[in-house]
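Next come two complexes built around chain A: one with chain B, the other with chain C.
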Partner chain A sequence: MFRAFDWQDLIPLAKGAWLTIQLCAMSGILGVIFGLILGIARTSPSRIARWISTIYISCVRGIPILVIIFFIFFGIPLLFPGLELDKFTSAVIALTCFAAAYVAEIVRGSIEAVSRGQSEAADALGLNYWAKLRYVVMPQARKIMVPPGVGFIIGLVKDSSLVTVTGLVELTHAGNIVTNLTGDPIMTFLTVAAMYFVICYSISLLGRLYEKRTGIQVDPLKLPEPASV
Partner chain B sequence: MALYFGDLLPFSSLLLEGLWTALYITLVAMVAGSALGVFLYLGKVGPGKAVSIFCTCYIEAIRNTPLLVQLYLIYFALPALGINLEPIWAAVIGLTLNNAAYTAEIYRAGFESVPHGLREAGKALGMKNAQIVRYIVLLPATRNVFPALTNQLILLFLASSIGSIISLPELTNAIMSVSNTTYRTIEVLAVGGLLYLGVSALLSLASKRAETTLFRWAVGARV
Partner chain C sequence: MTVIFVENLNKKFGPNHVLKGVDCHIREREVVCVIGPSGSGKSTFLRCMNGLESITSGSIVINKHRLDDSKTNINLVRQEAGMVFQHFNLFPHLKVIDNVMLAPLKVAKANKDEARAKAEMLLAKVGLAEKMEAFPGSLSGGQMQRVAIARALAMDPKIMLFDEPTSALDPEIVGEVLTVMKDLANEGMTMVVVTHEMGFAREVADRVLFMDQGLIVEEGSPDEIFSSPRNARTQGFLSKVL
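Then we have the complex of A and B:
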């Protein structure tokens, strides 16, 4: 029958936590890359680029991440028969699709927060669009992006728990397995919650450290809200 | 592969019922959570040291753990203590407790955004404390907080989909059960996704409209 929750149950949970960290690191990096591209497209002078990115961003932001995960996990094998993705890859794809849209909104907000005069000055100096972005707008927008970006990465860690529905053994799923072994959901999920807390809180401490180092501070109300609940 | 939406027609009422459940728990959790958030915020900034520490710990604990794990604790761990909850109650309670922590932080940001100099100016004009709170702090803070609160409502609506994992028959749950019955996975995910998208677009449109009507006196004057 059931045995009590003891220290050896920490091993599968720690393995799950490590997989959660890997998952979030990969989809976080990919999400930031695609999010930057989308966010720049969202504010670009090209109407087509603006339309495509706006449609993508508002679609993803209006649909729950869980539905996106189901779509990638069950939909892709149906749409592309023969394409075999393992659970980790589909989870990374789903989280990246999701992250890109929210990062793009942060990028857009930060670019728009750089005062218009800066951009006009660059125009007056005869810089072309890319030079203006590279030398004038982005260096200033980068600083504004950091605090909400940190908040978003924390949201990504929390949302990665939903990947549990695909059967990938990340932290939450590991918690399910340990619960079935020990029959002790209280201790197990309190431990799981504590592990998430440690991951998320360390990220926010790192963010605060970075804010202190660089002196970046932003009006808390101007931050886009954290992407997840 | 050919897409065919006809198979979904017999299940449209199931999907709509799921949408209704999702909206229902969202609204209940929003109202209850933002009320509870007021007390959390007041407890956090209030004079009671122990209360303040408790509220801060609660807010940080909720904001740094996934909603899914919180729901698991309510749905799977509480029965071990002898408290059995229906999925819908577990979801409502989970979303409410979760939402309270986020709204408390929204209130904090809103009140901190009113510069201290304004209160001093009120005092210098000879206003009473109650007048200062009402006209100088509460009104601008409400206006500053409103967009964040409506954004939170939309996020909460999307988050209600997590209830499907604890077998609450809301929209995502309905989508998956229709998919399992008809094997029209892509079609039903597309329809369900559009339902979510439509409702969140409506909510966002309504809140923009509400913002411009409610705070017409303050357009462009954000402190």
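Then we have the complex of A and C:
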């Protein structure tokens, strides 16, 4: 009853890959937005903001992503009976919740890595908190957060394979279906792996391109030229 | 007219009592140099004057703004008191000219052409007109510190605070920064300078404060302090550094 793996099987896999891309693009973008807000809140002068974001980040980081996926997928419809979530939306929500916490920690670390002198110089010029963040701290923190941020998004693409448990036909799930049709898990999952690889490698190339384009203009190791009086 | 009133200023970092009741009045156009051994509290004293350090007790009034009053908008005080740091703290992601223009544009909401004209004028004044489009990372320490002075001046402060402005510089380029500071003093800027440059203090200061262990131990004209110090601790310190 099995048939050989052939080019036609690439179609459901490509559809799955496209869904994985959409899933990760949406949860990645939303995760970065909420992560930025949470990360800034985590370093803000407001105690309440710090408190809320710290609790959120600690909770999410202490829960396996699979549990978050199950909780959103099965829990939300029970908690809010009127609310109908399709599989894709609940997967996006689950991955966004997960991503926001990790991105927030990357943002916090990057903000804290900008030297205290920078913040003091901005204070001494009379810049208020938001102006300091926008014009002095974040432009420098951004360069620090890009490499770990790109690393995290690549991790998110791979972790997104876990939403296969909800029955959403993303790339891994599509691989399962094709295996059941063809009985050829080797060719199928080699193809699936190659597709994941292409997605992840593209993200890492984009990240490197972005780093190059926004790179620090000055070589920090360059020796100062002799002073002219 | 007195523009800085410091009365019974106390500052504690946890159990560490850094300032133990500092009293000091500084008049308009006065140049005051603060000298003393490391750990005597002179930098902390200076940093309290623009709110970079909170005050444990006592009072500071800068141009009628009370720093110990929580209703005071500290950013207004900071616009009137420019600060120059030991490690320059230029913004490395901004060009020299943008470093100088940032506060006028974003704090004073000046228009761009005016802010630029002013920044060009200030950079010319500190001798760096040709470095306007450079990034701070390509400048020498002395050049960076002169940019930092121009940046602080861009808000038209009435007072300039200098926190060991030449301590991070190579000896042969200390002079270029001190020259800019001397010009500023001659123009009548009110200045408080924490420094180890005794020659500068002697030549430029109207008054020298000697601090030790969180207190102003002795103060007087440069001549009084350097030629005939009365306090034993001042004598001991000066005998080591002069």
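The working rule: the second predicted complex is superposed on the first by the 215 of 229 C-alpha atoms of A that agree within 3 Å, B and C clash if a C-alpha of one lies under 4 Å from a C-alpha of the other, contacts with A are read in each partner's own complex, and residues count from 1 in each chain.
By our rule, a residue touches a chain if its C-beta (ideal position, glycine included) is under 8 Å from a C-beta of that chain, and two chains touch if they have at least 3 such contacts.
No experiment lies behind these values; they were computed from the predicted model shown.
Trainee: Would you mind checking which one, chain B or chain C, touches more residues on chain A?
Mentor: Of the two chains, more chain A residues are contacted by B.
Trainee: Where does A:A121 make contact in the superposed view: on chain B (first), on chain C (second), on both, or on neither?
Mentor: second
Trainee: Touch test for A:A131: chain B only (first), chain C only (second), both, or neither?
Mentor: After superposing on A, A:A131 lies in contact with chain C but is clear of chain B.
Trainee: Using the touch definition from the top, say if A:V192 reaches chain B (first), chain C (second), both or neither.
Mentor: first
Trainee: Touch check for A:Q140: first (chain B), second (chain C), both, or neither?
Mentor: Second partner only, chain C.
Trainee: Enumerate the residues of chain A that count as touching chain B in its complex and touching chain C in the other.
Mentor: 219-220, 225-227, 229
Trainee: Taking the touch rule as given, give the residues of chain A at its contact with chain B in the complex, in rising order.
Mentor: Answer in residue numbers: 58-59, 61-67, 70-71, 74-75, 78-79, 81, 154, 157-162, 164-165, 172, 175-176, 179, 184-186, 189-190, 192-193, 196-197, 200-201, 204, 219-221, 225-229.
Trainee: Would you mind writing out the residues of chain C in touch with chain A in their complex?
Mentor: These residues of chain C touch chain A: 50-52, 75-76, 78-79, 82-83, 85, 87, 89-93, 102-103, 106-107, 127, 135-143, 148, 151-152, 155, 172-173, 175-176, 179.
Trainee: In the complex of these two chains, what residues of chain B are touching chain A?
Mentor: The contact residues of chain B facing chain A are 1, 60-61, 63-70, 72-73, 76-77, 80-81, 95, 98-99, 102, 109-110, 112-113, 144, 148, 151-152, 155-156, 158-162, 164-165, 172, 175-176, 179, 185-186, 189, 192-193, 196-197, 200-201.
Trainee: Chain C touches which residues of chain A in the complex?
Mentor: 115, 117-118, 120-128, 131, 135-136, 139-140, 143, 216-220, 222, 224-227, 229
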